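Here chain A shows up in two complexes: once beside chain B, once beside chain C.
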Partner chain A sequence: MKMLYRYLPLVLLAVFWEMAARLELVSSSALPPLSDVIVSWIDLIKTGELTGNTGASLYRAAMGLLLAIVIGTVLGIGMAWSKPVNVLLSPIVEIFYPLPKSALIPVTVIWLGFGNGSKILLIFLGCMIPVTIGAFNGARSSEQTLVWSARSMGANRLRMLWDVVLPSALPELLNGIRTALALSFILLVSSELIVAREGLGYLIGFLGANGSYDAMYAVVLTVAFLGFAADRGYQMLMNRMLQWREQTP
Partner chain B sequence: MSTEPQIAIDKVAHVYRPPRGRPVLALDDISLQVQPREFLALLGPSGCGKSTLLYLIGGFLPIEKGTISVNGEPVKAPGPDRGIVFQHFALFPWKTVRDNILYGLERQGMPPAERKQRAQHFIDLVGLSGFEDSYPSQLSGGMKQRTALARTLAFDPSILLMDEPFGALDAQTRHLMQTELLRIWQGSPKTVIFVTHDVQEAVYLADRVAVMTARPGRIKTVVDTRFDKNDPGIFKAKAFVDKVDELWNLVRDEAIKAERRAP
Partner chain C sequence: MARTDAVTADHTLDAPAPSLARTVLWGFARVFSIVVLIVAWEGLARSGQFTPFVLPSLSSVIERIWADAISGDLAINTGLTVYRAMVGFLISMVGGILIGAAMSRNVIANWFFDPIVSVGFPMPKIAFLPVVILWLGVYDVSKITIIVIDAIFPVIAATLIAIRGVERELIWSARNMGASDRELMWQIVLPAALPQILTGLQVALPLSMIVAVVAEMLMGGYGLGGAMMTASRFADSRGVFAGIVEIAIVGYVLIKAMAILRRRLLIWHQEANEPTSA
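For the complex of A and B:
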């Protein structure tokens, strides 16, 4: 019941969409009725077009994101805990931060071609920045006395980074990863729209160019839903991992 | 009582260098010896460098001038022979009470079964039975400090460094914790260095009290404060009250000096 109430605006939007298209308030090529879109969606599932391209896209996003999380975390913690690493990397991060990462799409294609490699590289490069910044800010805020406590209990420096600095950085790091997750979808779809032979972005471009607008909308809605589901799932994971925080007795 | 001192501090000085601003001489010409199983309090006004001295003994800060040796070996780094308890507990907030206490035992490479048993023993000793699976954020200040004490006692350091451990607690809890610490210490005496600015606490807990001057911190004098700590009327006993008075007079001048300098 509460769930229904919460998503009521979405239901209203769907009804409004259907009516606007049926009453031809907008041209049906610009906005096909939602019911037609749903029918196309089922067709796309049946032919396997949607599942195959979704699989290809999710693989790219997952690989790029995974690389970004692992390497971004190591770099961020390195920057917080080692002066030389900081001196070396912080100007690079600062220059790279405001750059619209979609500008790198042609570059990654020149380097790695039309396939998975260029998409994974682009997502990795784009998503690494928020992860690095999150890890850096989090690691910098780790309390001196916690570090000292671990050291006095026999943890060496590397152990201390793993046992104290990483968990201390976790709240900020997980927030950075959440930003990266959203960014990965943006970069995925835009790179696939421009140069690709498979994937959800490619499918949107292909269907749009052929005038199959209801099918195109079906893929757009699928991307929107995947992005939403990924974020929700991630938030649940994040709350589990941070359940030790801010609990009242 | 001419045993070898367990901790020997010889002409130690320390300069504090803030990220911005001029370096400050925090400690100067500190020499002090602590015997095995002795309870020594470091008493002084805030900002006199008593915590800094404790961190130097702990090996957390580099010793730039003078020497500190523990069990005959010069201090170079932190080690499990010197356990520390901080004013703000320094518990790992992502670990439960039990896991906090287990941590030091894991680092010492103790076998899992033995670890578990030992952790439970210290949980019981400090009166935290029933709270094993609570996170620090769910505990009161007193319970957090009991956890921190158990965590440090569990890996059995021969020296206990305590940095104003009860300073963040309310008056009643503080008194309870003082009595509790004495009980535990009398049960298995360790060498304790206890930093405080509370005169009565120092006299009640310690065998000797080292009074420090306002910055730069120096040892002004060392006073013997052995009493029958188990006497329930100790706080009203004349000898105790006189000792607190004597020490308070020593500290007061320094506190006034420190107060005048404070920005």
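For the complex of A and C:
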């Protein structure tokens, strides 16, 4: 009941949508009724179009994000851990950080074509920087007293990296990954809208060009829901991973 | 999104008064990797390992940018992209702060917007781009609209958290001294909330640029993103790489300007003396 009250405005918006379309307040090609959208969503599931393209999209996002997390974490902690690495990498990070990552879409297409490779490369390049910065800021802020006591108890550098630096870098690192997760969806959808032969973004563009707007709305809402669900799921995971901390940020 | 000032700000603090030779050496080390990157790009492009389609040499890309600058295309495209991104950003800023402030003060506004923000913020709103095109066409209105849809959420969220986090004592003392609602908002709450609001704006700004470029790529026409897409359709990879360099410079300038503005506006805040993190 409380849940219903909280999300009532969304329900009202949905009802308003249905009414506006049914009463022809707006042209039904611009805004098909929500019930039609749901019907075409079920059709898209039945024909397998939606599931297949969702699979293709999620594969790209997951691969790109995974690469970005692994390499970004290594680079970020390396930058915090060793001064030469920092001096070498921080100018490059500083140059690439402000680049609007969507500008890379045509270049990745030139390098790797229209398929999976170009999207994975794009997501990897776009998402790596927030992960690197998160890992760097986190690792750099590990408390000196912890580092000193670990050292006085005879931990070698590698042990310290694993037992002290990495755990204390975790909160900021996880925040950086959350930014990267959001970014990966943006880059995935935009690159698929612009050039692709499969994937959710492609499906949206294809259905829109065919004029099947109710199906297009169905896919748009699916993408929006997937992004939302991914963020919520990640947040739950993050809270679990940070449970050992006295207070989660 | 984290700010990169942190990456460089700290090192001068831990080194006790370095000698001149060391300063010069570190200064050189700082640009070293960028020089290596530039030399590697030019060298690889000239080595013949890659076709000019895959990797045009940096010098030919710079020539291309120069040619665009002389013909006036560069100014038109850059101007249009920056115009769209900035109008979208400014609307998001004003709208986001207004909605956030309204949510923090008014129960009904909070009831209505809270689920919309909590569901809408994590969504990839760029997926609504085709819907926006369907409604508003392919011109500036729809480009700016999609920018606002994407960039307004971080501003609302930051404003809301910031205003809720203002210390009660500040508000009580102001009230005690007879501040009216309006005075309270303008003289106490907003300044105290400013650091976090600015952080939200610093997320919204790069987002505006990302979305502006995507919208231009998808809808075509003038603008840096549109020009890149045209170049890409004609397999003109020098044009594509020129576009990246141009967009990178625009993004760099905007973000640096925002960081400077933040330092200016928060000169009174203790953060001005600390190295920033996160």
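In this section, the second predicted complex is superposed on the first by the 244 of 249 C-alpha atoms of A that agree within 3 Å, B and C clash if a C-alpha of one lies under 4 Å from a C-alpha of the other, contacts with A are read in each partner's own complex, and residues count from 1 in each chain.
Here is the rule we go by: contacts are C-beta pairs under 8 Å (C-beta built on N, C-alpha and C of every residue); 3 or more make two chains touch, one makes a residue touch a chain.
Since we're looking at a predicted model, the values are computed, not measured.
Visitor: Chain A residues in contact: does chain B have more, or chain C?
Guide: Larger number of chain A residues touched: C.
Visitor: Once the structures are superposed on A, label A:Ile186 by its partner contacts, choosing first (chain B), second (chain C), both or neither.
Guide: Second partner only.
Visitor: In the overlay, answer first, second, both or neither for which of chain B and chain C A:Leu88 touches.
Guide: second
Visitor: For A:Met153, select first, second, both or neither according to whether it touches chain B, chain C, the two together, or no partner.
Guide: first
Visitor: Which partner does A:Leu170 reach: the first (chain B), the second (chain C), both, or neither?
Guide: first
Visitor: Enumerate the contact residues on chain C facing chain A in the complex.
Guide: Residue positions touching the partner: 1-2, 4, 6-8, 10-11, 26, 29-34, 37, 53-54, 111-116, 119, 122-131, 133-135, 150, 206, 209-214, 217-218, 224-225, 228-229, 231-232, 237, 240-241, 243-244, 247-248, 251-252, 254-256, 277-278.
Visitor: Using the touch rule from the top, collect the residues of chain A that touch chain B in their complex.
Guide: 143, 145-146, 148-155, 159, 163-164, 167, 170, 243-249
Visitor: Which positions of chain A touch chain C when the two form their complex?
Guide: Those in contact with chain C are residues 6-10, 13, 30, 79, 83, 86-107, 109-111, 130, 133-134, 136-137, 140-141, 172, 175-176, 179, 182, 185-186, 188-190, 193-194, 200-201, 204-205, 208, 213, 216-217, 220, 223-225, 227-228, 230-232.
Visitor: Please output the residues of chain B touching chain A within their complex, sorted ascending.
Guide: Of all residues in chain B, those touching chain A are 55, 58-60, 77-80, 82-84, 86, 88, 90, 92-95, 103-104, 107-108, 135-140, 151, 155, 157.
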